[in-house]
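Before we start, here is the structure in question, set down as structure tokens.
Letters are used for the chains, namely A, B, C and D, taken in the order the chains are written, and counting of residues starts over at 1 for each.
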Amino acid sequence: MAMTGILRPGHTQLRVLDMEESLNHYCENIGLIETDRDDQGRVYLKCWDEQDKFSLVLEPSDRSGMDHMAFKVATEQDLWRYESNVKNFGIETKRIPAGELKGCGERVRFVAPAGHTFDLYAEKEQVGNGLPTTNPAPWPRGLKGMEPIRFDHCLLYGNNFEENFKFFTEALDFQLTEQIVDGETQLAAFLTCSTKAHDVAFIRSEKSGQLHHASFLLSSWEGVLKAGDIISMEDIPLETGPTRHGLTRGQTIYFFDPSGNRNEVFAEDSYVYPDSPVLTWTADNIGQAIFYHSRQLVESFMGVTS
Amino acid sequence: MAMTGILRPGHTQLRVLDMEESLNHYCENIGLIETDRDDQGRVYLKCWDEQDKFSLVLEPSDRSGMDHMAFKVATEQDLWRYESNVKNFGIETKRIPAGELKGCGERVRFVAPAGHTFDLYAEKEQVGNGLPTTNPAPWPRGLKGMEPIRFDHCLLYGNNFEENFKFFTEALDFQLTEQIVDGETQLAAFLTCSTKAHDVAFIRSEKSGQLHHASFLLSSWEGVLKAGDIISMEDIPLETGPTRHGLTRGQTIYFFDPSGNRNEVFAEDSYVYPDSPVLTWTADNIGQAIFYHSRQLVESFMGVTS
Amino acid sequence: MAMTGILRPGHTQLRVLDMEESLNHYCENIGLIETDRDDQGRVYLKCWDEQDKFSLVLEPSDRSGMDHMAFKVATEQDLWRYESNVKNFGIETKRIPAGELKGCGERVRFVAPAGHTFDLYAEKEQVGNGLPTTNPAPWPRGLKGMEPIRFDHCLLYGNNFEENFKFFTEALDFQLTEQIVDGETQLAAFLTCSTKAHDVAFIRSEKSGQLHHASFLLSSWEGVLKAGDIISMEDIPLETGPTRHGLTRGQTIYFFDPSGNRNEVFAEDSYVYPDSPVLTWTADNIGQAIFYHSRQLVESFMGVTS
Amino acid sequence: MAMTGILRPGHTQLRVLDMEESLNHYCENIGLIETDRDDQGRVYLKCWDEQDKFSLVLEPSDRSGMDHMAFKVATEQDLWRYESNVKNFGIETKRIPAGELKGCGERVRFVAPAGHTFDLYAEKEQVGNGLPTTNPAPWPRGLKGMEPIRFDHCLLYGNNFEENFKFFTEALDFQLTEQIVDGETQLAAFLTCSTKAHDVAFIRSEKSGQLHHASFLLSSWEGVLKAGDIISMEDIPLETGPTRHGLTRGQTIYFFDPSGNRNEVFAEDSYVYPDSPVLTWTADNIGQAIFYHSRQLVESFMGVTS
């Protein structure tokens, strides 16, 4: 098959301050589904149309932020190949045993140059998407909230930007799809390991290892309206939207979880192939690049990370 | 990058009886864009969001049907590798020189077991999607008709079904995503070379090398309504729709070009990864598999090909 | 205010064979909300965005069909004025005491020339739409099924077509919005008492007093897709759709309740004023008039009533 | 028929600084259709689905703002009745002869207490909506820009708020649908003469006779996205949106014409009857009342009028 190596963002683990409030946010309001808990107090969630056991892990903590983001690779061989690539790039790796996250196989962990912890893994328990694999309906009844389809990507702020970019594109085989540049300087890089406009994206920052947002896919622009309605009804802090991104053309809305972690839900309007031209947005047009309609950055959008 | 080998359906060449009528159909009503003509009288068309010079070639003929379908591969090496794979499978190949189709590189041609002619190629002139690669708008103004985004896939009827399936999955690395089965017999196979629910699909038939339909992607279900309206306004023969497919969950409408070639325009609602479970539809439920809402096959849908 | 006299279809009372199955259909699948029951075994339902206590009454019976359809008038004076109009037209009226339907004021009942029983009433208990009247959200959480907004209209088959038309337009002040004609003969009349493309519609028939369908409004074409999905998931008999009507431009899907009463859910795409031109559809084009996309009548659509 | 008296906003006449730029804005970008010009240099425009000759008149001027807003009444008798009502309310009227605006009958003109000039008229030439009245398609091909359906309403800022409210509800029979109140003080009144959530709305101001915006109806939320895209592509000053209003639930986007007149395009999600409860928004919640998602007023929204 044509898809090999790193397949997709498999999950992210976010730190949350109050688990009950967080579950209300992620399950009742966004609409993820709880699939398990562990003795560290972590709660495992998935979006309805994901086959794997979880795509979001909430970890009780006294601070917000992202513990790690993990990618699923196609095969065990890919796992060891990328472990070797990472080491050859000069970055230490460590192996996290299977089962440390329930249902997840052995993970190869490393800290990328921009300061974020990433895991790769080849196995995760499949629990299905709530539909049979024989004669399935298009969606299961009883979905909640914004009805997200899948965990889609993270946008991350970090330093060592050039080295991080080199690491992702050379050691991990990601493809640059879109970028923001200021003259010769790349300010943002949107990277895919698939045909999505981004599976992970990085913004140049002086701080290391920051989470800008974790993003979940909706099925349509009408879903973005519904999300905005729920955000207001439930008194969730909105950052901005509904709007469209210039970058990726995504139809989007941004808001915060109760711990201050930023979330996005969006509907996709783009796709890439290895031979797609890189799309470049210029720093003098950064407002339109990010918020296509207003053409103005929201101050918090550039400043607040977790 | 994670996408390698065969990337996508690059184009199909359809035979049409009356070029003027056909261009009115494909350009004014569906909304493809003419990019070139050649001295064989062929006309080259593309959907707006494709980068390559063409994705549909209309060939003047005295009968309808598909001349060939072509896939773009990632690299020249992939081209020779697949040429070798095809030969090793026991199928003859021939090389069509670069430029035989304007803007297209050398092609490797073969007839698959079900009787259809396929080409592989590694190069095609990129003419862009009508938007700059720096600070692009999300879409260009002046789009026409149903505003299709891309040529998406063909559904083909043919014999030697098992061998053809083996050929596509083993020699060409396609992945089975969904199928219709009657007991142990596979009646239909939906195959991807990417993350789409299908890049090509085959239906078991006694006839060899038949085209069921060529399909173009729309951006939303609202686009399917608009397509239905245009079909009626312009007195285009409708087969069925708007409706949803069980298979792939696509939101779809079927109709015929003036030569009797079947077209589909649809909005996608699905995606696959190499580890996605194969979805199986059973023959006793074939109506729902194909037309999810009515759960009844339209007679022509199973019978008419070109 | 500019709206006077007969305001809207206030409710319809349908006969159902099995109340439990019917409630599953109307409440779980379509998504109406039960508001009361009475000692005749009748169950009162409303759509979420209606203020009044009920808009659909299910009556246990051994046959399907419509018991009556009722219109709300603006004032008590209007009620007596229309009672007088009806009598002057030569049709008997009778008064049904307040409370015979729980929460409904006194009704003036009569049988229109086409054989259907209609009630007029000026008062019905308002229970609200589930939202406060101060700082209301745009919709309440917890909606079910197809999430219909309101009971919208009935389409009725009946004889004495000309007299019935004269009665509705002259005695009851309805306005003709659209019609199907065969030469000089009016086959269908769509009638409004408001700015809707129809509040009630009649089809010429040899039978008296038949129900073709009761219709509920959805908020969008995306809702029609969702309705189609639910119809298939829940194994509800579909008649046709999703499609668009030529008449009224409505975006529609038709199906049957467990007793064989036809339902429609639709999204509206039209509006009229008293000075809007009457739109005429010709009998030779009746397929397109009714099902705009296929331009073909479904046989059952013309034949089956309850 | 149930609709009597004042039927709808028939047109507004806006002052524009540069006619060519303005026509590009209103015709190419918003998508109105030019129907005539007169020897005062005024240009007559209509939305596609309006039957009447024009609904927007652009008047060349050296300042922006609204010259007048006009309502169509059902009959000549209504015209004289309202003329009398206005006079009885103590407001002077004057008659503007038929033909002063091309295709428009005699108008009764007056200045309402909040300082805006209004006209009533009973006749306007009908030019149709681009579709035949026999077997019409649901929409005509060749629509441009945002494809607005109709001129829908104006929102006006003015003083003498109480008297103006009394005038509209008592002399002109408008119905209050929604309001913003600060304790006992009404800050905003949304008024209908039909079943729309508003045909005109007033905001309490110290200034007399100001235009806040003229609004055009779109067919769906997807249209609001397309409008936002066009606004950015064409470098039109955006105020805010896409978003939803709390008031009226409208799905909306605001922007400015080249002269500084504010425009709205929106999709409607509400309807009223004479017995609908008045919806009240409290001043402490004014952000959510106006921009439901952000719950924050945009500064310009309250300050800038023309």
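Please note the rule applied: a residue touches a chain if its C-beta (ideal position, glycine included) is under 8 Å from a C-beta of that chain, and two chains touch if they have at least 3 such contacts.
Here the structure is a predicted model, which is why all the values come from computation and not from measurement.
Under the touch definition stated at the top, chain A and chain D share these contacting partners: B, C. Seen from the Cα centre of chain B, the chain whose own Cα centre is farthest off is D.
Averaged C-alpha coordinates put the centre of chain B at 43 Å from the centre of chain C. Here the CA centre of chain A is 31 Å from the CA centre of chain B.
Chain centres here are Cα averages; for chain B and chain D they lie 47 Å apart. For chain A, the set of residues that touch two or more other chains comprises 138, 220-222, 229, 232, 244, 288, 292.
The part of chain D that touches chain C in the complex is made up of residues 1-8, 51, 72, 74, 126, 128, 133-136, 138, 173-175, 192-196, 219-221, 244, 246, 249, 269, 273-282, 285, 288-289, 292.
On chain C, the positions that touch chain A within their shared complex are 137-139, 141, 220, 222, 229-230, 232-233.
Touching chain D in their complex are the following residues of chain A: 221-222, 225, 228-229, 231-232, 238, 240-244, 251, 253, 288, 292-295.
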